[in-house]
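Paired with chain B in one complex and with chain C in the other, chain A is shared by the two complexes that follow.
And now, the complex of A and B:
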């Protein structure tokens, strides 16, 4: 009897404990010194929650997962959400490939669930709600800058159905990123900016950099190796590149204090793992790191096998006797070159005048003997009227016909151009895509308050599976550092990479906005002067008038009137 | 006799303390408002108007420091100065040339920024007529017990304020907006501060009750800026707001300074222009209105020693794991670039739309021409001449 009772008690305990879905928080910082002397720091904060937003039941008990995002997911039936805010442009040839690529400005792409009936109105409401959460002007996303890619931007999370009707993609290249975007981003973290790695996120240092990108990625992922149940993953990433000359005064010596004006004192108490990785693949010939650590780890990321020193912040010995961690990275020599990235993209506008122009997109394949296919996505606003019959794709001087083209023409003031092409890049070559366009004249209320600045065209997206030198890790459930598990890897011989080109700034023919006022003034003056003169000529008549007599004469006249005698 | 004196003393003491309590109670309910809101607007664009953003941010800073939370502040900045590429110190906006005070701070939330700051959005925020999808942080959710502070700065003239170099708001529109707010019971008392040239013209046309207004200059006068900073290269702040910030830095949530002190901020000797104010529409005496009634969010608390029993916490509904319900198939990650799938992708079946105007017109023309030529041929070939040859 007692044994049975004990059994029942234990069962009840286990059941009650299993009711609350488990959530887990990990934080990580990767520091990679770059060959130009700059330093690249990438923060990743990941919350994994074993719950189900898709089913009808409401989730009401939030612990580590932020409530504002959880409510957005369940209300708008979102399957995947990726939003990024970037200031600056990533220079692939000098810095290599980033861990999470992002275009300048704001970028938002969302996969909705199959249950959504009207995707466009849900998209509009979602952008408005996100603009309130992130203090950004995302409410400017409407049908004129939203596209529905047909082959790019496949879901990064798990899922079996990929009907592109449920995908929406939009960019705002003009969007400014500043502390007001960082503040709500930091408030989504479980520890806020009070403990753990988020203590380093001080806006005065982060925005005084060559590149700053913060992003939020939400996607469903496998819970275990069987992958029958899904859990939701929220990744908040922040990539920043500090410039050698502005932040380090030209000296090739970096430390946490120099980069962030803070040192670390503790890990976030809510985090199950809190680590710093420093890329020491080029150590010890190039630079030295102090304090030294015995922990080393190897990871194959972005097609290369890199070695990292690991600092585990959950262990108290990492902080040493001074109870604070300030990593120091000192260069010893500046020779050696980095691994050249295999894929690179550039874009510019050619032509002169304010009527026509030409967009040139260049895609570089630096692999010596392998060719690989790339998917190019171009979204051009409606006021640049593309002439698709002038589209040419040339590699090494010869015509290169794409194996897949999807073109959706624009409609004035309704939707932009969408051009997607699958192009095979020959080895060691440059592929050039050119298309001519004509500039439209906007209605005078459609101009921004500063139209002479120009109008932005969003970056092109080049997605590709690049052949890799080392074998990539395809086991997604093994414990790996966060930076190597962002893009899912299905085969060992290649890795997925997405490259963004520069945004374009084009001048549209701008009218002189003071002209209506000038014209009204001039016309009214001319009409008044002309009509007035004519009226005077026609209606003016002349009368003879006696001049006013002098004082003496007037007095004499008065006396004469009194006497009854006619006046002078 | 002694008992009588003791009794009289006791009764006077009781009376005095009850009066005291009544005084306290009167003070407790004197202002009549229960929540505070602030709408702070900077209407100027371009780098050389740095000072207007600094003005608005310094008022934002004071208002936050005195207790109004971000959820009750609607901050509208027409351009970004802190992360502007011309700013030698990014993510900072300074108010004084020695760069002592960074009014931008580390914890700022801007609700309307850049091109969103328009006359239409400003009036919609005031009157509450916003589209249904507008998020809460962009709304002024005030009620009839709210005290609202409205601060405007930018370039203005006699009877208008310029928004972003492309449109203006006139004093008549502003007065009508406040009247709409009064009729919809959207405020209890409203303090309106404006720092532009000829600012007093903006409050000339007000006609709703419970409005108090302050301006940095009279009609015909220009408001001047304070001092330039040679490192940043622009003027950092306007005089009136600079001295207003100095005045507000001395205010703390418990201070008893009243509006009459606020009217004395920045006399002509410091400001060069003559600040003005208007209190005829305000029902209370300005001397009895505390600064914290508008700039702060003072919570009235009542301390009690009673114990209160909380109800039992809500039990979490047990969610039995639905294992056997549906046959779960194995999920996997999607192939990011399925080349063969993409190449053999079928084009989307687009819905058939009826032909639009141009095609219809073209076909009508073709049919007309066709039938006309047919009729012409018939008349030319097979018909009899209309008259007979005699």
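And now, the complex of A and C:
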């Protein structure tokens, strides 16, 4: 009898399993103390849904996956979507590599399915819809700032479409990220900001920081290692760096409350896993963490094996007797060396005057003995006219010939320049890429409201497989912390890194904007003067006048008149 | 003398030069300036739009009145007129007039119909009559049955079936033996009453015209009725949301996919000619209502009063999210499961009585149902509790609300009428017809208002550029409107609705075209400020020299006169 009951039970369970599409939600926070005394907090929220948006079947019943994004995926036949909003610039040399790199401003790149016929109009509509969802000015993305990179942005999920006709990439370096972008981003989370790690996301603290970056990544991925069925992954990430001096008043002491003005009391009840990782690789020489946790975890991330203390929020014991978790990190000494990032990029504009200039891009390879290739992507607006014949690539004073160059020249007011090249970086070297440009004159309605501020040029993107010191994990379906599983790893000996350089701010020749009225007045005056004299010449009749009699003669005549004598 | 003549010649040359410059300016300069500063305005069918502004709608309904055996005598049978057309005219306001044309055809029942009418119950008779012949959309068949017939209960005179048929019991006072004219004149108002229930009534149609005609404030009830339903639109998005404010205690499971297939889809399939529908559902956690329910200790339950229901929606709506994929109106249906500490929750009506369905709807927005789950578990249950939601109960409420919001009328029938219960599809054929009549009229009214106001606007602001595509949209809207009106007149309901939908789409597209907005409109004073520096220095010398020529000519004439004298 009991066995029968169990059997029924199992049957019911199986039925439920089969009927409901399975979805799963995980949340995670990584805290990494930085050597500069700043602190880096990286949130990741992942929703995985065993469904298929691709085969044209209509997906319309949502549980954990947000409905608005699901509708976007099915309506626009999106295969992969990556969008990020960033305030501030990630200082690679001080902070090391971030878990999810992002350029300042807004970045959007989308792979469409190969069933899309008119990619450009779909892209235009998609950016407009996304701009509504995220309250951002993504509607300013048009053909003049969209490119189709041929090699730099490969799909991160599964999918054998590598035809870059279905890829669109655009950045808005000027986009200012603020609360109104954070609120819709938080709304996409199943628990909102009511429970779990998301209660820490208070905008007054998050935006009082040196770096803030929030992103949404959607991609299809394998359910298991055999990859027979696909599921869709929505990854929402938020990275923030709190400054030692402005946020901590210079004290090397951090706590959750100090960073976010909140403590944690519970995990999101919908999350299957809810964890906090603290990078303690340098502990105990440098800092101490309290409360201490017996759980430790090791992960190879960004070419380095790191040790983390793990706090599992789904366990009641984590919160202790006070039923609230307030992690405290205290530095003991300020010494210590950071593992220098192996790849780094910089960019600046050189030259003087308002006619020509030169863009310099520097790529640093700090690896002591290995050289590796990098892909450099540059998208430059049309109003900087690149002279591609002046392109030079030099490393260690010698000419370094790129093995692959993809250059698409700009068209005025239609599309930007796209320059992609594959460069081999020699070990321990700086490679400099320079190209000259000429500034174009804009029409007076094309200037921004504050044209004297200058015009932004988006960051260069340097993507590379960097040789790893430790063996990387290549199994993409194995249970791993979220922060280490974002970029898929194909081989053990290297890991993927994407580095963004600074955006450029370029001054263009700016006219005086009261000019049109002045021009109208001036031309009218000129026309009037020219026309007036011409008219006079044509219509007046000219006669030779008798020369005036002299003064003496006139006086004499007056006298003669008085005398009654005829005048002279 | 010679010198004088030369001076005259030079004078004449100057005058000729001035005149020719003036001629060049007027003949070439002014047209050139006019052409280059002109705005492009494509041709619009203005006269046809003005005709539409004065809307004369005619609605024609076909009625077939079938006499069963025992209602007319054989002599009368021969004299039964074949058709009878009746017109009913109403003037709604100065530019809108309505005319209803009822085309009644009389005949006697066939043998098969007689057999069908001999079924034991009205519902069975209705079904078998339907299988005999299918009447087209918008038409009706009224079977007149003898008073002695046992099909209808004692207190019922008219049975309204699920399709387009009605059974009408001949009254006691019109016994066989009276003249045919008397019989017909007695039947006529009763057939009309059936028509008003089953196809259209004047109140419905005037309510559908509300976009065009400002209704005189009638009774409150009818205004509330007319404002409840959504405006006609080519598509609707239906969103079901499960609100779970307490995921820590309740783990809710709802089989929304199955429920939609079973309960909602049959209705929507029926309504497919009316509009496109798309359905989706979502689950929202930690979604709270905007008001705090009051604890009623006498019932040991929380209550929401009817006057606080208005504040419930706004905070929830922020979480619902708008539809990213289309701009059609959204019908929201929310299922709210109160959290464990605030259950059970009941909605009270105006009389402080519990609402049995525990649900309410908001006009032109959607419906909310409160679903209490506290009976599913005991006080010592381990949280979170898994709860399966009874979808039949939920969908019954939502379906009723959906019918109301889509404008499927369910007002009480007149006395002595019996309306057949709803079929599995949730809507009877005649209810659909009724909806199609009023939706066609509403679409026509909306499209004509849009088109006439667009034409008026373009007429008033001369600076707006009218592109070819706008002109094309306007013309296609006008053509569709004319076709829709014509189809209504000839009684082809399905085509009328189709054309009216096309008209509304084209007119909205023309009206909201961005090219009508983005031009800069320079006011006249600014234009003059720009043109005066150019025109004034040019015109002043020309005008002065013209004046001089005129005054010279006058002087010469006077001199000539003086000489002649």
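By definition in this document, the second predicted complex is superposed on the first by the 498 of 568 C-alpha atoms of A that agree within 3 Å, B and C clash if a C-alpha of one lies under 4 Å from a C-alpha of the other, contacts with A are read in each partner's own complex, and residues count from 1 in each chain.
Following the convention adopted for this analysis, a contact is a pair of C-beta atoms (placed from the backbone, for glycine too) under 8 Å apart; a residue touches a chain by one contact, two chains touch by 3 or more.
Keep in mind that what you see is a predicted model, and the values were worked out from it rather than measured.
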Contacts of A:449 with chain B and chain C, given as first, second, both or neither: first
Superposed model, chain A: greater residue contact from chain B or chain C: B
Contacts of A:373 with chain B and chain C, given as first, second, both or neither: first
Touching partner for A:262 - first (chain B), second (chain C), both, neither: neither
Contacts of A:22 with chain B and chain C, given as first, second, both or neither: neither
First (chain B), second (chain C), both or neither touched by A:176: first
Which of chain B and chain C A:132 touches, first, second, both or neither: both
First, second, both or neither for A:61, with chain B first and chain C second: both
First (chain B), second (chain C), both or neither touched by A:192: second
First (chain B), second (chain C), both or neither touched by A:91: neither
Residues on chain A lying within both footprints (that of chain B and that of chain C): 16, 19-20, 61, 129, 132-133
Chain C - residues contacting chain A, complex: 7, 10-11, 13-15, 17-18, 21, 239, 247-248, 253, 255-257, 278-283, 285-286, 319, 321-325, 384, 530, 533-534, 536-538, 541-542, 545
Partner chain A, residues of chain B touching it in the complex: 45-46, 80, 82-83, 89-92, 104-111, 113-116, 133-138, 164-166, 316, 318-319, 321, 328-339, 342-343, 345, 348
Contacting residues of chain A [partner chain C, same complex]: 16, 19-20, 60-64, 66-69, 71-72, 74-75, 129, 132-133, 187, 190-192, 194-195, 266, 269-270, 520-521, 524-525, 527-529, 531-532, 535-536, 538-543
In the complex with chain B, residue positions of chain A that touch it: 15-16, 18-20, 57, 61, 87, 124-125, 128-129, 131-133, 135-137, 139-140, 150-151, 154-160, 162, 174, 176-180, 183-184, 202-204, 206-208, 222, 226-230, 373, 375, 403-404, 422, 448-450, 463-465, 476, 487-488, 490, 496, 513
